[in-house]
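Structures follow.
What follows is a pair of complexes built around chain A, which joins chain B in one and chain C in the other.
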Partner chain A sequence: MKTRHLAGNLFTLPWILTLLFFWLFPLLYSLYLGFTDYRLLKPDWTWVGLANYAALVSDRDFLDSLLNTFIFVFGTIPVTTVVALILALLIERRFPGRTLFRSGFFMPSITSMVVIALVFTNLYSRGGYIYLLTRMIGLSPPENGFLLSDKTALLSVMAMDVWMSVGYYMLLFLAGLKAIPDELYESADVAGASPFRKFRSITLPLLKPVALFIIVINTIKSFQVFIEIFVMTKGRYDTSTAVYFIYETGLNQFRFGYASAAAYVLFLIIAAFSILQFSLLRQRRLY
Partner chain B sequence: MFASDSYCRDMKKYSHTAVITAVAAALLIMLACTGQDKPEGPVTLEWWQFWTDPAVKPVIEEMVTEYEAAHPGITVNLTDLTWANGHEKIVVAFSSGTAPDIVELGSDWIGEFAAAGQLAPLNDMIEDTARLVGWKPAVYNDTIYACPWILGTRVLFINRSLMEQAGLTDLDIPVNWDKFREVCYKIDSIGDDIYGFGSNAAEKHRLYKKFLPFFWSAGGNLFSEDFKYVTIAGNIGYKALMLYKELSDSCSMIDTQRRLEDAFLAGKIGIIISGDWLLRRIKNEKPGLDFVTTLMPGPVYPGSSFMGGEYLAISGSCPYPGEAMAFIEYIINAENQIRFAKANYSASPSNKEAARDEFFKEDINLQTFIKQINISKMPPAIPEWVYIENIIEEKLEQVLFEDAPPAQSLYDAKLEIEKLIHDK
Partner chain C sequence: MFRVSLLPVTSDLSPDDFLSPVFALSIYYDIITSGNMLKYFMNSLVVGLAVLVGNLIFCFMAGYAISRYRFLGRRVWFYTVILVLMIPAHIIIVPMYLLIVKLGLYDTYGALILPFLVNPIGIFLVKQYIDSLPPSMEEAARIDGAGEITVLFRVVLPLCRPALAVLAVQVFLTNWNSFLFPFILTSSESVRTLPVALALYQGHQAVDWPHLMAGSSLAVIPVLLIFLLFQRHIVSGITAGAIKQ
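Let's turn to the complex of A and B:
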């Protein structure tokens, strides 16, 4: 028995050690750093208590980046979720070329974000296809392209993000739709329910766990938006987000203490939203 | 808020401490050198550098091989860095005590590493400073911390075909601001997708390098001589900014530097400010482009420009500073700088003797760069420079792209920079 335990412990040891050294230790160490004025090139760092957190509250750059993050999160999640659901409902029906559409919608999700961001940077620029298309239909795009304007840069990044992630969430919704027993729809047919009634009373309630999962992971992902900003705008034109601020502060200015504090503020915001979403979507019975 | 007396006292105290530290460090290095003039065993020098271009890297390797052959017992290990994350790697290496013996640094990084005590002072090791140009960013608190290697400045690139289409000749090549403005407007009037000037969008580390030449050319200085006050907000700063804004608003394509250069190569922009890398691009990608380079214009001819460059520094923890310095002397000698310039088609050697070589005289565009270097300016070696440039860029962006009042924005920049240097 003891040998079995020993073997089990030995097998799990690599994972436990990895967890301790590469996950738990950095997590706790960065929490500690958030209370110091640690800079990479400054050996004599000191404990500053809550000074970093107090400074963050009045740091205009941080507050702007938080605001942009909230705009990104609340602008993309509802659109992504609704479009993904609509696509899933359409794709679920049998029609010629269904597999092609499903693959097409999913393709952006398995493509490198950097590649997509570079392609869209070109599409959004003056002379790019999206720029020319908007002019062709009579709209007036910003003179220097979508990414070089305060008014459109963040919106353009958000639109690209929706386009990129909607296919993945569509697949999750499709899996949820497949799991709904056909008997429920057959019973509803017998009772003479309209398609909309079936959707509202069967499909939507039974997709609730999938929707919850999608909203939670999308919230976490969206709060951490970084690569798009890094590649497309470098935080210029009012597009700096919380993670980009942390990157700039930590890896360009090397103010690790301050950056760690900002990271924990973001962590608390994400945790609060995740808890809120779980409690809201779990409590209400929709059917 | 200007500097207080206590600030001045502190500054004096710090500069005394810095001088004493530098002298002590120099003495220690001298003692160390006398103790190990010829290290007993083999010496391995680690060199981190950024030149990975297929045309240049073999030349660097060749120089290293030749040096090793001429100095038995010395091995030089090359490690390549990239501009994307090289700075991060160097910072991490210094802070974790794993810095290389010799490291190539961008000119605006030297102050940061020197202030952190990570670089070896070189005053007593450099044979002759007069043979090189570009010392300003290498000197921190009166101590030399790096050797200028490859410098870089910016000049005007002008599309001659577009000038011709606009009814202009070589006699119209801008020599002052008035002519510059006139040529930009005339080229811009050729057609809808032709632009007179290429103006930089809000792009970090680039926009301020385009504005400062206008400011410097008009006789401006960023700081007062005692370095206590910022002098960007006066009449000169205002005039320079208004000209840049006028060009930007009226006759420019506004885009990132890379895309502006693409447009210049495509014949869409009449005048662009760029460095010698654009010469390489034209040579490789558009050899038939009819263009000319000229010195930056000012209110009067010629104007000043921004200069940066690549520097070679020795880590403070290097066990063989004498050998490292000897290797740096070898790399920056005239012969090797010419070899490097030929491979890279670059125009900015730090070595004056190299700059007089026939290679540069034969090429009119390289000559423009050589001339511009002698009248260009460099930012000071201060660890806060990265924040200062950020403040300048932020205010420029507000004026250029958000129509903020120029005078107020420059004054705000002055206040923010003064606060930064006084609070340090």
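Let's turn to the complex of A and C:
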């Protein structure tokens, strides 16, 4: 028993070390830095208390980036979830070419975000295919392309994001659909239930845990949106997001303390949402 | 939409002759021989494989220990695994950067490999799989006098092949596509990975779409191959976590 005790600790050691060193330490270090005025050319940094947080509250750039992040999160998640569900319901039916469609929808979500963002930068640009297509159907796209306009830039990034991630969540919904026992549908058939009724009374309630799981992980992911913004707009045209702000102040202007404080604000927001959603998840599982 | 989903794959065509049947293969010759793209490709490959090997060994060891042993702190470590899953990684970019600089790892392969050698999702995956295996084989081996390390690598490892295949595909794909940490933890071209190179390529000069898209194809082709070969593993890796929840 002694050796197993030892082996247990030994086998988890690499994980424990990586965790402490590269993840928990930075997290705590960041909390500390948030209360200092540490920046690159100021080695004698001092404790400034809540000054960084006080400054953030009135920092227009930060507030704008937070607002954009919220627009991104609450704009994409409902659309992604609903479209993913619809796709899963369609693809669950057996029809020729079904696997091809499934792969086609799923493929973007395992492709490099940088590559997808580059391709869409091209498609959205003046002379790109999406640009030409919107003109063809009689709409008037912004003169310099979708990404170079305050009105459409963020929306365009959001649309791409939905397109990219919808296949992944579709797969999760498909797995959830598979887990619903067939007998339920059969007995509903016997009772003469309409397809809509079956969907409302069987499919939807039983998919709730999967749906909530999807919303939770998508929320955590979406609050951290960065790569798309970096590649496509560099935060211009009113598209800066919270992580972009952290990157810009922390690693471009090297205001480490200030950026750390901003990171903690985002961390607390994400944590609050996760806890909220998890308590919802718990409740639903009771029945 | 489905047509567009095929775009990254066919994106080696320049935008103007997107619909023309002319393939400009010379661009590939060009980026392979003259540009640095091939070097970035190799960097991505080296980092990806190192991280992959580390994850296979360490996630397997930790997953096994958490599943089978009743040692001190087991529950604590298990909950930290869950906790780290919830911590948004992007918020620690500043302290991570400072830490890597202080360690003298900035702009080295070490910065791209060491922090990522073991990941909580992988541990979780292995743990769940080992939970489903009967412990009788291990018991038998112990009675025959095998030590814990022998049991781990000779008895359990072969049984875990399906789970490790899922883990391998997931880890490699994640690492291959990873951008933010390689981007903030390196600066020179000698250790630059492909996604970083592509993102910066656009920033440096007037956009040279044919070359950029050829480089993008270099980034996408391995993913496509892995996807075609291991589709089943990718799908089961993704759905395993969700259904458990």
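Heads up, the rule we're going with is that the second predicted complex is superposed on the first by the 279 of 287 C-alpha atoms of A that agree within 3 Å, B and C clash if a C-alpha of one lies under 4 Å from a C-alpha of the other, contacts with A are read in each partner's own complex, and residues count from 1 in each chain.
The criterion applied here is as follows: contacts are C-beta pairs under 8 Å (C-beta built on N, C-alpha and C of every residue); 3 or more make two chains touch, one makes a residue touch a chain.
Small disclaimer: the values here were computed from a predicted structure and weren't measured.
**Student:** Touching A:Leu41 in the superposition: chain B (first), chain C (second), both, neither?
**Tutor:** first
**Student:** With both complexes overlaid on chain A, does A:Thr111 touch chain B (first), chain C (second), both or neither?
**Tutor:** second
**Student:** So in the superposed three-chain picture, is A:Arg236 touching just chain B, just chain C, both, or none of them (first/second/both/neither)?
**Tutor:** first
**Student:** Which of the two partners, first being chain B and second being chain C, lies in contact with A:Arg98: first, second, both, or neither?
**Tutor:** neither
**Student:** Report for A:Gln253: first if it touches chain B alone, second if chain C alone, otherwise both or neither.
**Tutor:** A:Gln253 contacts chain B only, not chain C.
**Student:** Looking at the overlay, does A:Pro26 come into contact with chain B only (first), chain C only (second), both, or neither?
**Tutor:** second
**Student:** Which partner does A:Arg135 reach: the first (chain B), the second (chain C), both, or neither?
**Tutor:** Neither partner.
**Student:** Between chain C and chain B, which one touches more residues of chain A when both complexes sit on the common chain A?
**Tutor:** C
**Student:** Is A:Phe213 in contact with chain B, with chain C, with both, or with neither (first, second, both, neither)?
**Tutor:** It touches chain C, and chain B stays clear.
**Student:** Overlap the chain B and chain C contact sets on chain A and report the shared residues.
**Tutor:** Residues 234, 251 of chain A touch both chain B and chain C.
**Student:** Would you pull the chain B residues touching chain A in the complex into a rising list?
**Tutor:** Going by the criterion above, the answer is residues 88, 91-92, 94-95, 112-113, 116, 118, 201-204, 253-255, 259, 386-387, 397, 401-402.
**Student:** Touching residues of chain A toward chain C in the complex: what are they?
**Tutor:** Chain A reaches chain C through residues 3-5, 7-9, 11-12, 14-16, 18-19, 22-23, 25-27, 29-30, 33, 101, 103-108, 110-119, 121-123, 127-129, 163, 168, 171-172, 174-176, 179, 209-210, 213-214, 220, 223-224, 226-227, 230-231, 234, 243, 246-247, 250-251, 256, 259-260, 263-264, 266-267, 270-271, 274, 281.
**Student:** Taking the touch rule as given, give the residues of chain A at its contact with chain B in the complex, in rising order.
**Tutor:** 40-43, 125-126, 143-145, 148-150, 234, 236-237, 251-254
**Student:** Applying the document's contact rule, which stretches of chain C touch chain A when the two form their complex?
**Tutor:** 1-2, 4-9, 11, 15, 18, 58-59, 61-62, 64-66, 69-74, 77, 80, 84, 86-99, 114-115, 117-118, 120, 123, 147-149, 152, 173, 176-177, 179-180, 184, 194-196, 198-199, 202-203, 209, 212-213, 216, 219-220, 223-224, 227, 231, 234-235, 238-239, 242-243, 245
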